[in-house]
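Several structures are given next for inspection.
Two complexes are shown next, each including chain A; its partner changes from chain B in the first to chain C in the second.
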Partner chain A sequence: MTGQPRGAAFWILALVFALFVLFLYGPTIAIVLLSFQGPDGGLTFPMNGVSFHWFAKLYEGVGVVDIWAAFRRSIRLGLVVMGLTVVLSVAAGLAFRRRFAGSGPLFFVTVASLIVPSICVSLGIGLEFRLLDDQVNAMGGDFPWLVDGFTTTMGLFTSGLGAHLTWTLPFGLLIMFAVFNRFDRSYEEAARDLGATAWQTFRYVVLPIIGPSLIGVALFGFTLSYDELARSSQAIGDVNTLPLELQGLTTTVTTPEIYALGTVTTAVSFVVIGLALALILWARRRQERRGSDAGQGMV
Partner chain B sequence: MSAFGKTSTPYWQALPFALVFLLFFVLPLGLIVMVSFWDYNGYQIIPAFTGQNYLDVFDGCIADLPDLCLTFATYLSTLEFGLMVWAITLVLGFTVAYFLAFHVRTLTMQIVLFLLCTIPFWTSNVIRMISWIPLLGRNGLVNDTLLRLGLVSEPQDWLLYSHFSVVLAFVHLYTLFMIVPIFNSMMRIDRSLLEAARDAGASGWQTVWNVVVPLCKPGIAIGSIFVVTIVMGDFVTIGVMGGQQIASIGKIIQVEMSYLQFPAAAANAVVLLAVVLLIIWGLTRMIDIRKEL
Partner chain C sequence: MSEPAGLELAAVTKRYGRTVAVDGISLRVPAGTYCCLLGPSGCGKTSTLRMVAGHEEVSDGDIMLGGEVINGLPPARRGTAMMFQNYALFPHLDCLDNVAFSLKMRGIGKADGRERAHRMLQLVEMDAYAGRLPAQLSGGQQQRVALARALITDPRILLLDEPLSALDPFLRVRMRAELRRFQKDLAISFVHVTHSQEEAMALADLIVVMNGGRIEQVGSPREVFNAPSSLFVARFIGGHNVIEDGPGATGGAVAVRNDLVRLVDAATLGGGGPGDGEIRRSGRVAGIEFQGSVVRVTVAADADLELTVDVAERAFFDNPVGLGDPVVAAWKPEDAHALTGGSA
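Let's turn to the complex of A and B:
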């Protein structure tokens, strides 16, 4: 197709695509603009002056909700989910390169986790931890110290972490499948032939080659956790993450303050995405530069 | 590597991954099924076998026919959303994927435009829903424009917190789930097939309909499964964009949980799972049948 002049079909499709992109980004641009609304401005256009008023109000806190604590919780959880998603996905990706007993069912479960409605997963995890709580409380008869001050086993880094991983890990594994499908195994064989141990082969041959893709896995891990709402909703216990607080605020806050909050969280997402994409680009360049010393003679 | 190392390696490599899904997916779903057969009262769940929860889910569903009971009505309304969102995202997603796969000429440009579609997926869904308020609200941009153009005489209320805004938000949030698998299928199509079609005298439409679409079926199926199951199980989008006024199965489950009626919520979740599985089964079958023809 290359080299030919563009036909009418191209321009029509290009227009559809442009409109689709406008549809994707337009609303977000609208709330970013409106978050700089003047102190007397409302939830809609026109802009009534330009100010940082609503960001200042946001900084002081939104009503009774400690939004910044929720923000910090979401970031912390996001980072932990990101780390675990990368490590577990790579390990599982390596395992899936060979057929092993149970590999079929494990793959099926992983894909099912993407498709099963989040409310069901959330309900299940919520139930699981409630039943666990009952067990702990029942054991309190024999071991009073166990229930001393005990409220629940549910929490950010127990049930919440698990709920998020059921959402991020499938993406991680699917990316690893794509990565290892294109991976040339002769590099590994060469390393082994040269006497490298399994760990050395992984650390010095496999990891540098798949490195840039792992940044992609990390990006999915962090952003999907940072914005996760449906699976956390019933499975996080007493504390709330940022998206949960946000959902509550949609019905109670009627000032541009909520747009300011939207702008801040979207900015965080964009910084993370930008950082990840820049890192991937940098890693790819570095790979091309240093990947091969063929033709450079013996040093 | 020893012979032992070779055979056991995949197991410990996959173990942590498998444990996460065992603890936080398989076991919880099993518990839902179990608890759906348990009894409950105002403040606790009672581990005694009963089928009452399922009877409650379908309470009056047969007796009241032809009037629809709550469960049937809710499923029907959710299915309606699903069908509409599916049709729109399919056409839109296919068009966008087709443009990216066949009309964008360089790989770099393909990656850039593809990322442009993907980036919103990595930002907050709730924020993306809220961001429709300044556009669709009573005093929003759309109403303003319509009024100024004289197309309407008063602000339109059906734009926000309505069925329309729910469908719009679903399309806005989830068209990507159609684009990615269809684009993936399209990139695997051997370009010489398209040339062959052209050489054989096929028009652009004929090529799309008789060559591209059949070869994209796996992608279309995967995208359809994603979109339809997301809509069926949704409670956040319908809640926020419907102004908490439109019923959905997810919402029913959520409300029952907030009243600590876990066995009732579990029974509803099991029924929802069964319906979703049935839809997936239907979608995959549809494709297999076509492959036979």
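Let's turn to the complex of A and C:
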């Protein structure tokens, strides 16, 4: 770089950026630090010793709620949301490559789901399922077995899954738009020219080329679902996801145990992101190795 | 190899909504011909090629290959193969798998397919690069792999969409010689879309000049160059002076090749001057461009007539002229070729 002294503008902007980064990561860092609070430490700084005490307590269980069951539920739901988001986004992205009757309005309706306040979406879903419950109960007159032990149609993989998809699908679709915008149609024409059927073209040409982007869509699907709170709040049924339990705990738990829980859930997010990045890297390496002729005397 | 087949278009039309991209063109390309579809962008040449390939539906008319109407068939069953503008090599497959792709799609066994792909790569001298990905190849190498991938389907005709436009000028000249050699060796027809008249002249047995969705002229490069049929062709093919109110016999527009126009020093005109019956236009030298074997002199005659004269390099420097010198451009009436057709 040049040896010129930095101007005032550089230092001001650098300060703004430093504050931004601090604001972005400061809270997470504080929580992670406090989760290693000593056994006699409190919810705030200063640290009173360093220990894994609160993680051990967490492992034993937090109060009356089964936090690990909630954790497993969140992971399971996240994985299902991830899979559905990838499949549906790709299908929708393919469909939107052609203009079809109503494609414009359909797109706006889809994206509007991001604009409507999440809590309203959640309430709406809750109301819808209550209507459905009424219908089921009404049919109980004719089919008594139907309502035998029936409480509600709401649940993790009915209303909860739906609520999460209203959140992840618009993002997935927008990513697919970007992906297909850059996709060169002549690859598909070349495949067709070489005798590939529509399915073969998708399977052997389109899918491998867009594959790396799908890892991104999957990552979005999982992480958006894993820490979703507002949309789940009124639509999840009898059981809670991890963020819902966490929210409940903030009002009842008064020890750094809650920070330990925060640290664990953050770590899970990082592990998922790390896995996705490793997967992308691995795919790229594999391709480079295949394409490499190093040591074969080539120039 | 498949039997080479002649291609015939009968009143082929392509409409996109209300726009007519190709307007009822008819054309016959004999088997084993190197044919160039030449024209400016938007003239309908690429649409025509894509209709033959089956990547664009024909709005009207018929396309026949070897006497069989093919415009209802899917691309892979037409006996055509297409090489795309940027080659469209599959970026995730190495050269061998790219070339073997069509065999795999047809369910041919892996060992057999690879064997045949290797042989095809040998033909284009790319077998040593079989394990490389397209991104690791130069433009010229990519073209060869694309050629191998197209040829492995045993086409009766090869369709090439601006195959040289992705290459740098030096490589372009080399690869076009290679294309020509392959066409001669394989003895099937190549239909090659280009907007470069230089490329078309260098390659083609048959040039089809297109403009505005219609065919302006069909002929050998020599025919098209020596006898452009219309104002448009004369201007597009280059190397011609187009004189709209030509003093020729017809009184219409005429074209005279730049190198058939002579420069006469205004001072030497007079008694016993240049050959009788020559057509002369006087003017001043407005530009001199050294081009190697010729020197291109622009002569500003009259109000809005500018003539281009290609003078052989030796002849020019034996008797040089300078900018602004008064000169006379002269040509024989029989070298002025009458043009028909609309304005361009």
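Definition applied: the second predicted complex is superposed on the first by the 266 of 299 C-alpha atoms of A that agree within 3 Å, B and C clash if a C-alpha of one lies under 4 Å from a C-alpha of the other, contacts with A are read in each partner's own complex, and residues count from 1 in each chain.
The rule is simple: contacts are C-beta pairs under 8 Å (C-beta built on N, C-alpha and C of every residue); 3 or more make two chains touch, one makes a residue touch a chain.
Everything quoted here is computed from the prediction, not taken from an experiment.
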Where does A:Gly104 make contact in the superposed view: on chain B (first), on chain C (second), on both, or on neither? neither
Scan A:Thr250 for contacts with chain B and chain C and give back first, second, both or neither. first
Could you tell me if A:Gly83 is touching chain B, chain C, both of them or neither one (first, second, both, neither)? neither
Quick one: is A:Arg130 in contact with chain B, with chain C, with both, or with neither? Answer first, second, both or neither. first
Winner on chain A touched-residue count between chain B and chain C: chain B
Which of the residues in chain A come into contact with chain B in the complex? 1-2, 9-10, 13-14, 16-17, 20-21, 23-28, 30-31, 34, 42-45, 87-89, 91-92, 94-98, 100, 102-103, 106, 109-110, 112-121, 123-128, 130-131, 159, 162-163, 165-166, 169, 173, 198, 219-220, 223-224, 226-227, 229-230, 233-234, 243, 246-247, 250-251, 258-259, 262, 265-266, 269-270, 272-273, 277
Residues of chain C touching chain A in the complex: 53-55, 74-76, 80-82, 84-86, 88-92, 94, 101-102, 104-106, 128-129, 131-133, 135-136, 149-150, 153
Which residues of chain A touch chain C in the complex? 184, 186-187, 189-197, 200, 204-205, 208-209, 211, 287, 290-293, 296, 298
Once bound in the complex, which stretches of chain B touch chain A? 1, 5, 9-11, 13-14, 16-18, 20-21, 23-29, 31-32, 35, 92, 95-96, 98-100, 102-103, 105, 113, 115-117, 119-120, 122-135, 137, 139-141, 144, 172, 175, 191, 204, 225-226, 229-230, 232-236, 239-240, 244, 249-250, 253-254, 257, 262, 265-266, 269, 272-273, 276, 280
